[in-house]
Structures are given as C-alpha cells and as structure tokens.
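Listed after this line are the structures, all set down as structure tokens.
In the two complexes that follow, chain A is the common piece, with chain B as its partner first and chain C second.
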Partner chain A sequence: MAFWLYAARRAAHTAVTLVLLLVFMYVLFRLVPGDPTTIMLGTGELPFEAQQRLRELWGLDRPQWQQFVTYAGNLLTGDLGMSFYFRRPVIEIVWPMLLNTLVLMTPVVVISIVLGVVIGTWLGWRRGERIEEIGAILALIPRALPVFWIGIVLLALFAYELRWFPIGGMRQAFFFPETWYQELPFFDVARHLVLPVAAGVLTSMADPLMIQRTALIEVKHEDFMTHARARGLTERAQRRLARRTAFLPVLTYSAIMVGFAFGGQVLLEVVFNWPGIGRLMVNSVSQRDYPVAQATFFLMAAAVVTLNLLVDLAYGWLDPRIRQ
Partner chain B sequence: MSPFASWSGGFGAIFLSLVVLIAVLAPWLSPYDPLVNNFDAAGQLRRLAPPSAAHLLGTTYYGLDVLSQLIHGTRIVLIVGITCAVLIALIGTNIGLIAGYYGGRVDTVLMRATDLAFGVPFIPFAVVLVALLGPSLWNTIIAISFLMWRSTARVIRSQVLSLRERGFVKAARIAGASDMRILYVHIFPNVLPMALLYVSFDIAWAVLAEASISFLGFGDPHQTSWGQMLYLAYVSGSIRQAWWWTVPPGAALSLFVIAVFLVGREYERLANPRLR
Partner chain C sequence: MLALDDVSIIYAARSGPVQAVSGVTLHLPVGGSLGLVGESGCGKSTLALAALSLLPPEARLSSGAVRLEGQDLATLPEAKLRRLRWTRMAYVPQSAQNALVPVHSLRRQFRDTAAAHGMRSAAADERAAALFQRVELDPAILDRFPHELSGGMRQRAMIALALLFGPSLLVADEPTTGLDVIVQRQVIDLLRDLRTEDGLALLFISHDIGVVAELCSHVAVLYAGKVMESGATDRVFSLPNHPYTMGLQRAFPDIRHPERSIVSIAGHPPRLSAPPQGCPFAPRCPFAQPLCHNTVPSLVAGPDGRAVACHFAADAEALRDRARDPALWDAAA
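Right, the complex of A and B next:
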C-alpha cells in the first residue's frame, strides 16, 4: 500500500474515533440530572414560564440529535460554549490553561526520556551484573509511588521546611527580583517548575528506562555490534552505537507517553496548584461547570488520539510492512 | 535465577499476606473508630496531635486516629484491587477471546472499541464519570474497570490469533466441537497464564487509580481510603507539619504497589521459562 493511502486510512480512523468520543462524551454529560436552566440558575428560583423561554432560546427544547449537531458544528468553529461559572466563552478560559499545561508537561516528558535513555543504556550494558539487577528494581520503585504523594513529600520538604522553592502556582504575584539572575525573564516561572517537574520525572522516567534497557540487551548481541567490537571501537563508542539503535522503541513510546501523561498531569497540577487544563477540569467538574469540563476532557482525549495517529504514521513511514 | 529475584518475590508475597491479614482483622486491630473524632481530657478536639502512646501515628486535623484510618484503608485497597481485577479480567479476556477467535467484522468492531478506550485519558475520564454518577466506592470501581480492560483485551487477542491456527484447535473443530467449547475449553486455558499476569498488575493500577480519584476529592466520603487520607491532609493545609498523617498512607500505597509488581514479576518468571 502506498504511504499516502495508508496515511489517509489512519487519519479517517482517527476522525471516526474523535467523533465517537465526542458522541460518548455528549451522552455522558447528558446523564446529569437537570439541564443548564436548573444548573445555571439554581432550582425553583425561576418561574416555570421563564425556564421554558430560556429552553427555547438556548435550543434545549429541540431533539437531542439536533442539539448534538449544533454542538459539534460550533466546536469545529472553535466555539466551545459559555462557561456557567466564569460567564465567559469556554475557549477564552481553556486556551491560556492549555499553554500553561504545555509549559509543565514539555520539560517532564523531555527530561524523563533523556534520563530514561541514559540510565536504561547504562543498566542494559551491565546486564547480568548484580548492580543491574538492583538498579532495575530501584528504577521501578518511583513508578509505583503515587505522583501526588511524591508531590506532597517534595512540598513538605523543599517548600515548607527548607523554603527553597515556592509552595505552588506558576508565578508569584508582585515578584521583585533582588539579584541579577532573578531578573532573567523566566526565572519566576522556572523556580515554580522545579518541584512539579521533579515529581513528574520521577514517575514517568521508569517506562522509557525499561524499554531502552530491554532494547539495548537485544541490540547488544546483533551482528553489527560484534562487527563494531571486531573493528576495535572503544567501549564508549560501542555503547553509543547500541544506545542509538535501541532508542527507536523509546521514540515510539514517547508519543504514547505524552498521551498517558495527561492523567498524571491532572494530579501534578492539583498538588502544585498549577493553573493548567487538568486542574481546570477537576475544578469545573466540582463546580458543575459542564461546558468547561466537556471542553477540557475532549481536548485531552483529542491530544491522546492525535498523538497515537502520529506514532502510527511515523511507523508506517519507517516500516513499510506495517502498511499491509 | 538469582537469589535476589526470589528474595524480592518473597518480600512481595509476605507484604501482601500481611495486608490481607490486617484487612480481615481491621476492627480488632485498630485502636479507635476511624471515623469518630477524638477529644482530650479538657473536651477539646485533638487536632493534629503528633504520635504519642495514645495515638501511635498521631491524629488528623479533624481529630481522627491516623493508625486506625490506615488499618481500615487496607479493606478499601483489597476491595478495589480484587473487584477491579476480576471485572477487568472478565471484560478484557472475553473481548480478546471473541475478537481473536471470530476475526472479520466482529474483530474489527471490538478492536475499534478498544482503540476508542485507548483514546480516552484515564484519570480525567474516571473523575468525570464518578462525579456524574455520584462519589461512592462502587462507582469508583465501575469507572476504573470501564477503561482498564483495554490492554488485557489487546494482549489476549494477539495470543488467540496464533492459538487458533494450532493443531489442537483444528483437531477439536474436526471432532465437531462447538465454537464455545473450542473457545473456553481449548483456547482459554492457554491464555490463562497471560490473563493472570495482567490481572496481577491490574490490581496495582486499580489501587493507584482509586487513590488518585480519592485524592482529587471524588472518593467515597463515607469510607477511609489511603487516597482520601492524603486528600484531606492536603485540603486542610496540614501537609506542612503533619508528616505522621501524610507519610503512612503514601508509604503504604507505594509498598502495596511495589509488592504486587514483585509478585507479578516472580509469577511471570515461573509461568514463562524463557525469561529465566
């Protein structure tokens, strides 16, 4: 199959998945008792006639499928509805939060992969030694720790006790730099990032690490590695060669990891009061601000599905056998 | 197999047995009722009392005994872990078996559903579902199981795909066995080791998921779970001083998950001789 045909087919699958997710989410949120007229205005405070007028005005008297089509159509034009709580268009609330989430998520993912690859290579290279066995178990431990608990411990130690880092949030209101380095443009955001990134890296590092380690153990006995040894390459050069080859599965995994990272991201944002989309989702669900909850949930799902598509496309491009 | 590996498996098994024992004996082991506020001699609420002889792990901001809460939390861990694992195994294994065995359109539909489940971010979905259904332990279990079957289904399906071409399945078909019989009598026992391995890891993931949902504030308000303890410590602003309230539930959760991983690894080693 030609690549473009494969790509078109995968893209169509993804589009169907997104529409199904949208329908699923729409149905899910319609399971809530009451409708926006009761949620927005409270129960019993509004005369019945006025409620009816509002229902007609907002189109809530129309059949569900018509309402869904309107919702999906608005979504395509970037209109995500109005927030019940903020009384502003959802898109205006969600967009800055989405950027904040990326500010936190990008360093977590990048540092996790770099550290995972470096440590995984080192462990795989020493396969069979006692230190490798202990190292593998040590590497798995942080993965078993709840990320929010790591956050609580880091906050208690480094923010409350030692006062090295702020206790949460993304920026300090009225931050006045005292020394030259504090005047650097992103200094304030950077110091707010340290603890959440540390907590995130500790838990997300284990997967790329184990994948790199396994791939390296397999690669080590390939013919080209024997050849490299025979050619007299130094141990360091050999290891670099093995690391590069073993990196491919990690690369594949990294896009999936970004998808899964949204789950951990919600917890990180809540513990560290990070003004991102995950915390916004949790808050909007508690405040019954369903338009915002729906938009944040759909954005996260769309990110996961799109990243999976990118992985599939990259795979199909690199390995023609997949396209069959 | 090195002695270290079997030692770690042994540690996991001992720890898990201990958790089961504590869960069974919880009402007799815990010194106080985990949901009743404690007062001192002067009638004042015992807020955030550090560990002492009366309260071995101190008290919470609401004057509850931490040790008793920790002990009762083992019950939630076991209920969530076991129920979710059984539900996930039932859904995931059956979807995998049916999709892999029948192939064709059935396979396409079921695998598309699996793809869909993979597209849903887990924690956000669980939070939304629990919030909409109303926070309760049972709803948390439903929300967790509703998505987690996805990886089991994929793995079992790929196993069935290769098994159904094997001689013993063809022999059974020639002998006139029905599809149901071939699936559940001939194929199922062969995927069982893999299914059990996934179940064991699912116990750990389900427990972590419940803790996460509780930590976000959507846990069952009438139960004491370790995630709930951490949530209350966090929202009451007690994490800065009350280490006796935050360290025990977090450490217990972590040890439980590690123990499950270690036992699962050991089981994998025994069930799959190629890994030795």
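Right, the complex of A and C next:
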C-alpha cells in the first residue's frame, strides 16, 4: 500500500519533469536565429509574399503559446514533424535509431551493474587482502581511459588483428549463416554487439564496483552483520545479506550512470559505426536538421528521466525505509 | 554451562595493542544467571562477544578458554561453531534498531535464521507466531519492517528471535539501553519470566546495578577488563568488599535509602593501552595506599563463595563505614 502511494507520487514528479523538459526544449530551439522558412530555403531569397504564405500554412504567424500547444499535442500523437534532410516524418527516422540504441545501451548498463556488484562484493568481503588491493586498481584503470580509445584498441585487436568480430555496424549485409549457431535469430546482431558492449562495460563498470565495495566494507561492521553471525547464518548467507544492503547506494548511482552512459553512447556509436540515436543526433545537428535534432534531444532526455523513475521505484521496492 | 577460564583479550589498535580483558574467570551454571556490571569501556561487551565466540577480527583471545557445555569454542571448527550458535546460545544485543536487518521484514529474519539451521519456512512461521505471543507481540507484526516498530517492540522481537531454537544460554548485552523506563521494566520482566519459566541460563550485561540485582543470582563487577569482585548478588551489593563496588553503589539511587545522595566516582577508567602498574582502580580509589599503586592485587576467593581483588579486603567493613560519607568520593582523584 505504502509502496503504491510512493510510486504514484514519483510518477507525478516524472510527469512534471517531462513537461518542463518539453517547454525548455521548445524555447531552446526557438532561440535559434531565423525561422524554418529561412532555414529550409537555404540562402535563396524568397519573395516576401511567399514567406508570409508559408508562415500562415505552417502556423508560424500564431502566438507562441498556441504553437507550443499544437507542438505538444502533435507530440502526444507521435507526430514529431518532418525532417528537413530526409523529407520524411521525424518519427520514422528516430524510432528505429532509438531501438538500436537501446539494444546497445541495455546490455552495457545491466552487465556493468551486475558485474560491478558481484566483483565489488567479492573485493569488499576480502578487505585487507592483497587480492583486494590489486582488484580495485585493475577495475579503475579502464575507468581512467576515454571510451573511444578503448573502443579503437578493441577494434584494432579483435577486429583487425584477430578478426574474431566485425569491424563495426549493427548487421552485415548479405549475411549467410554457415553453421547451426549462426542460424540463431539474433546471431549477426549479437556478434556486432560484443565489442561495443565490452568497451562500454569496461568504462562503466568501475563506478558501481567501487561504490559496492566501499558500501560493503561499511556494512560489514554494522551490528546486524555481527547479529547475523551470532544467528549462525552461513558465510554465503552473510555475504548475500551484506550485498543486498550495500547495493542500495549503487542503485542510487545507477540513475546518474544511465545519464552518463547516454553521453558516452554518442562516442561509442561513432567509433563502432552503430546506427543509433547518438550518431543521429550528431549528424542532425551538423546538417541543421532541427526537427530531428529536437526529437533526439527530447527522446534522450525523456529516456533518462524515465529510467530515473524506474530506479526510484526499484529503490522504494528494495529499501522499505524510503516508502515513508 | 558456560565457563570462562582466565580469559584475556587483546585488540590490535592502530596505536598499539589494547588489553581489553585480562585474566577473567567466570562460571555460569545450567539455568543460572550471572550479571556483569561496570562502567562503559570496562570490557563487558567484549566479554559478551567472547562468550559467543563472536570477537571481531581485530580482537584476539590471547590466553584462556571459553567453554560452552564443556566444549572449548576456540578449538571448534567454524562449521560446528555455526551450528552451535543460536541453537545452544543466543544473543540479545544492545541496540535492536541496528541489529535487525533494515531491509528485511521480521518474518524474513526468522526464516533466514531458521534456514541456516535446516528449519523450513512454514515451521519457522509457526514458531515465530508462538514466540511473538510469548513476548506479548501481535504476530501480525511479523510482516513489518524494523523501522516501523517502536523501540520496545523491536527489543521484544529481538528476544523472540533469540528464542527461536530454545537455546540454553542467552547473552543479553544492555538490552534495555535507550528504552524508556516503562518499556525497560517490561523487557526486564520478560527476561525474568524466561529465566524462571524456561530455565534459560542468562549472562546479563549492564551498567545498572539495580537491574542486575533484580535479574541475576550472581554478579561480577568488572573494572578495566578485570574482575574486581564477584559472588552472590544480594551479598555483593549489600556488603561490598571492593571500594569500586562501594563507589558504584553510591552512584545509583537506592529505593530503600531515598535520602542518600547520588555520588559519582571522580576520574575516568584507565587507558587500557597503558594500564597502571598496580591496582587499576588505585588512581580513583579514596582508600588507596602506596602498595595499591605498585602491586596488582590478585582475586582472592573467600569462604562464602565470594572473591575480591583488593589488598585491603580484610578491612572491608571499616572501608564500607568510611564509604558512606559522600565527601570522601569527591576528595579522591
């Protein structure tokens, strides 16, 4: 009961954030000099009457608030406008790219957190041993390197030298499976995923790992851990208990991490030539394709806000104290 | 039941080793009750943890042995020790707030404990409900989380959890600290009932000599990790032989003598990283003589089952007379 109340409150917060985000994006793109009639028609001079006619046609002569209401209404029905560059509805261009991005992002975030928590727990439990010191340093090295550099090194090694994995992209054109496992439905995408996911995990894993390790070292000294030992819990059960409690700060961080991962995503997509929303964003800005750029910015921001909501809900679920 | 033989415990602190407990010998018979009293930092809680073989990694049993039902806990393999815990000896810690797992419901904590000793969840639920009734808690509370309960409810739940396997020894470390007086009373009554009705042996740790006098047939007064005086509770508190016990007694209100003023013992317990040469209490003792500062008195057993570690135990009666004067305690130190 308390949980649903908490969930409803958090969902309301998220809705307000999204509306504010929308207003902010709208204003930001209105600040760009000129209006779509000048941008769309390049440098060529258009007769004043024709410009005026276009403005009326597109509703640009109406007050800003009316334009915003129309924009927001269209957005709700999935109408994000037309791309200047592709001359197709924005949604048709952005949607598949967003899915591609999620295909890459989801395993990066999930594997980073799972590996970080497992390894962080393992290291924290062995606090003070030599292996713990070495492990912590090893985990921090890739964290200090830029993600594109790691990506390039992985490509040079495993794609160019060893030829184990494809050089980039998401699918191979005309891929003909030769063995039974190559016939598995997502085999081609999966082998394209390995290197970018590895690069993403290497850079993203260190933070959850170090947070889990530190939290675990603190939790180990809590009274309830001594009590758990007194109750005769097995070492495995004790460690599970410590991991479960130490995980809470990692969860808090994972909301921030998702934001960072979206940022790093742009670099990852460029290095690995992944047809995702990050690359689309970079391209649309340089092509001055404002409807597409606006849509990608908004979708990315909306994705971060939504994931934050999910993290908060998970927190309420995992820590009963927060539901109050 | 529980026997501590010449137990010494050393903590490895950054500033050097700290002798938290030195040469403590205690004996708790089956169904018996023993109180450990003393100021904070006198080694009470360390002894409680040692009795359960739960010392933290930085603490080490440097000499002596802890025996539970004749078995030396230090020589038992970890797996055997684990099975002994909670089935034979249980523990009620100082703060139920911190000792309960914050993210699990009470039911889950009962089930996890049960599972560690091969008891099924269904059986654990049934037993938990019965124990909750025993400690006068509504079994519906089992599905609550620790933070949703009051301090008194948490401490009762803690006691119920300790009784899960019907242990023969219960170690209670200041179980009433932080509770208001009414709830304190309820918890003490509950512990007394458990002792008389269930025949539980109780090792009770407290700085409150009134509570110890009520709950325990025997008492050991600790100071600076050493036993100063021990014996039957009523004898020790009515006719203390050690100046420290006399001082402790004056530091608590006495319901039989409400006109007596409360007098604290001036000074602080010694730093255990650099213990004094002679009697550890000498620097604060109003009766201290040069001998006391140079030579450690040994714990000498008397004819009535009492033991005292004081050079002037023979003059105890005269000292008791002088100790009645509140001005004496102010003048010391």
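Following the convention adopted for this analysis, the second predicted complex is superposed on the first by the 267 of 324 C-alpha atoms of A that agree within 3 Å, B and C clash if a C-alpha of one lies under 4 Å from a C-alpha of the other, contacts with A are read in each partner's own complex, and residues count from 1 in each chain.
Quick note on the criterion: a residue touches a chain if its C-beta (ideal position, glycine included) is under 8 Å from a C-beta of that chain, and two chains touch if they have at least 3 such contacts.
This is a predicted model, so every value here is computed, not measured.
Once the two complexes are laid over each other on the shared chain, residue contacts for A:230 go to chain C alone; chain B is not touched. In the superposed model, A:90 makes contact with neither chain B nor chain C.
More residues of chain A are touched by B (comparison of chain B with chain C). In the superposed model, A:28 makes contact with chain B only, not with chain C. Of the two partner chains, neither chain B nor chain C is touched by A:139.
By the touch criterion defined above, A:305 reaches chain B but does not reach chain C. Looking at the shared chain after the overlay, A:318 reaches chain C, while chain B stays out of its contact range. When the two structures are aligned on the shared chain, A:244 is found in touch with chain C, with no touch to chain B. Contact with neither chain B nor chain C is seen for A:199 once the two complexes are overlaid on the shared chain. Contacts of chain A with chain B, set against its contacts with chain C after fitting on chain A, share not one residue.
Chain C meets chain A in the complex at residues 49, 52, 54, 56, 82-87, 90-91, 93-95, 98-103, 105, 112-113, 115-117, 145, 147-148, 161. Within the complex, the chain A residues that touch chain B are 13, 16-18, 20-21, 24, 28-29, 31-32, 130, 133-134, 137, 140-141, 144-146, 148-149, 152-153, 155-156, 160-161, 259-260, 262-264, 266-267, 270-271, 278, 281-282, 285-286, 293, 296-297, 300-301, 304-305, 308.
Chain contact summary for the complex, chain B toward chain A: residues 2, 4-5, 8, 112, 115-116, 118-125, 127-129, 131-133, 204, 208, 211-212, 215-218, 227, 230, 233-234, 239-241, 243, 246-247, 249-250, 253-254, 257-258, 261. Interface of chain A with chain C (complex): residues 221-224, 226-234, 237, 241, 244-245, 248, 318-321.
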